[in-house]
Amino acid sequence: MKTIGVADTTFARFDMASAAIDELERTGTGFRVERYTVPGVKDLPVACKLLIEERGCDIVIALGMPGPMEKDRMCAHEASTGLIRAQLMTNRHIIEVFVHADEAPDDGGLAALAEGRAREHAVNAYDLLFRPDRLRRDAGTGQRQGFPDEGPIGRR
Amino acid sequence: MKTIGVADTTFARFDMASAAIDELERTGTGFRVERYTVPGVKDLPVACKLLIEERGCDIVIALGMPGPMEKDRMCAHEASTGLIRAQLMTNRHIIEVFVHADEAPDDGGLAALAEGRAREHAVNAYDLLFRPDRLRRDAGTGQRQGFPDEGPIGRR
Amino acid sequence: MKTIGVADTTFARFDMASAAIDELERTGTGFRVERYTVPGVKDLPVACKLLIEERGCDIVIALGMPGPMEKDRMCAHEASTGLIRAQLMTNRHIIEVFVHADEAPDDGGLAALAEGRAREHAVNAYDLLFRPDRLRRDAGTGQRQGFPDEGPIGRR
Amino acid sequence: MKTIGVADTTFARFDMASAAIDELERTGTGFRVERYTVPGVKDLPVACKLLIEERGCDIVIALGMPGPMEKDRMCAHEASTGLIRAQLMTNRHIIEVFVHADEAPDDGGLAALAEGRAREHAVNAYDLLFRPDRLRRDAGTGQRQGFPDEGPIGRR
Amino acid sequence: MKTIGVADTTFARFDMASAAIDELERTGTGFRVERYTVPGVKDLPVACKLLIEERGCDIVIALGMPGPMEKDRMCAHEASTGLIRAQLMTNRHIIEVFVHADEAPDDGGLAALAEGRAREHAVNAYDLLFRPDRLRRDAGTGQRQGFPDEGPIGRR
């Protein structure tokens, strides 16, 4: 039995964690979920590290929705840097699922994007843990999460 | 009995720490407060780490008010990066409460914003320590601190 | 017998890993290859660290193709920073092979650049491991990977 | 007896260290000074760490004067990030005293600013070590170093 | 007998390492040199750490010539950040000697700048190791490497 951590924020405007957990359950079995909700994306790195070190998670999905301003982009950058550092300190993957306000034209599109990306990255987390061969098979094929895949480009 | 650290600066133009402590006391009991004042936001990361490692704090609230210039934004970025690193080194939350000069039209607005944000994040710190279910309940609902909440967006 | 790690992504639109492995095999012997595919470039740092610490790699080639937007450039920056940190934590080289969408005029050019850079950096990784004198010989000579070498400039 | 480290650079165009040491001596007793001069600001982080770990400093003042170009601003950012990391690795304060060329209209103004900031931050370092209550008293009052204080803003 | 590490790249278009080593030998005795050549500046941090930890270097000179594009500036920033981190992990100085393409009007000027900066920083490394009093004497006097010194500014 593996443990998958799901960390999210009260700042986000969409319940990406529920979408990710729902998708995990549709995808397979053999795991339980540990949840952790924090105020904003800058609180995610230590939350993910605690999920790994104190609640036994084998992998974590970190979900967030940074705001639209320049200042918010910097917050996201700081959070991402921290998430990578947390992974290097624990030797565990933390799949970052951030959706930026300027990635969709309106609230409906943003909600759809948040849900789609959360679901597709939930499968990525599942694959890293249970079936890495599926990722290997898709290496270099232009996979996207929440948007249509771009597909591979020529030459080989 | 838990210990909540409150770190702030002499650079800030509003006494955010007093507002945060007042709000903590209105919110609940079961904790004592440790204070630490430093010159500027770049001095906060090690102050917060000392509050955790040498004064036994279970969580810290780090309050600052970076200046309005490009150089100041970089200071805030460096401080934020350090606060995240300090959290990862200690496995404790440090709630960053920064207010930027360009977030309000005048001094009065800035003071109100600083007070509001300090108070709302004090409750977040209390919740992380004593009642994480409240944060879980608000996951993905667009909570803001010092400004009106944005609320959730559709689809689910 | 040495072990060379090859880490790549499903996000990339060209199978750079296969090109790198093919070039390694053309270049010499005395090694085996360990592969690891992750979703995107921000997942590479911990994958490379795992290749070194849990799968015994002596060196790793990290291949990725960041997207064209400003946000993607920041992702690449975060990934690069993490790859350098992973190297400092393990005392092993991780050769970063990133190709940016704006480095070629069209998909065909991008594929050719990705293949050429992967192949030339595969030789660099081989040289670091087996024949560092070749790198020493080329010190300060303006070597490029995937583009024509720039060559040395005068004075000596 | 405490030890205060003073680290500075040959790159700076003003002898900020002498100003800082003079001000320390005017401010109080109970300490001795350890000096360390390096070429530029990027050499300061490890110099400060060495002052703390190998020369027994309880606190360090790090003085520098980054150049005026974009490239110099990046150097200052890298140095600042390193200074914060050094503090987190040692649990000691390092007070950064940087003066940027664009902060004053001419050389005379820059020299006055460098001297004033070095002196005021020397007192901050002294206070952190010997009389933290003075910093607490000034929390949130808009203190500045080298420029006139901005003072507190309303509401409380 | 001390050991001075000299790390450089095949990417650079000038053999800065030879200039640095020649200058070291003109400057004094009591040391031997360890060389390490890597492909690019982002490979320098771990190379310098290996020079210190596995080849016994007491100090390292890290030489590089980042390219002219925005992407190259980011590479240089990542490398610099890594060099500072490597210093903090080893408590040894690594003198960064980077020359940027836009610092000289043409190839001849760039070569002259690269040689001059490498030579002047070689002396800085020698001084840090053998005669720190020379650096102390020049504190705050506006020293430059590869360009004319700026000299001190008034007031004291």
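Chains here go by letter, A, B, C, D and E, matching the order in which they are written, and residues are numbered from 1 within each.
Keep this in mind: a contact is a pair of C-beta atoms (placed from the backbone, for glycine too) under 8 Å apart; a residue touches a chain by one contact, two chains touch by 3 or more.
Being a predicted model, the structure only gives us computed values, none of them experimental.
Chemist: For chain A versus chain C, which are copies of one sequence, does the interface use mostly the same residue numbers on each side, meaning over half shared, or is it different?
Modeler: Different: when the shared numbers are divided by all numbers used, the fraction is under half.
Chemist: Any idea how many Å lie between the Cα centroids of chain A and chain B?
Modeler: Each chain's C-alpha centroid was found; their separation is 25 Å.
Chemist: Measuring centre to centre with CA averages, how many angstrom lie between chain B and chain E?
Modeler: Taking the average C-alpha coordinate of chain B and of chain E, the gap between them is 40 Å.
Chemist: Which chain B residues touch at least two other chains?
Modeler: Touching at least two other chains: 81, 85.
Chemist: Under that contact definition the chains make a ring. Starting at chain B and heading to chain D next, list them in order.
Modeler: Traced from chain B through chain D, the chains around the ring are B, D, E, C, A.
Chemist: Using the touch definition up top, name the residues of chain B that touch chain A in the complex.
Modeler: Listed in rising order, the residues are 73, 77, 80-81, 83-85, 87-88, 91-96, 100, 121, 124, 128, 132, 135-136, 138-145, 150-156.
Chemist: So in the complex, which bits of chain D are touching chain E?
Modeler: So the residues of chain D in touch with chain E come to 8-19, 35-39, 42-43, 45-47, 49-50, 53-54, 65, 71, 74-75, 78-79, 81-82, 85-86, 89, 107-108, 110-112, 115.
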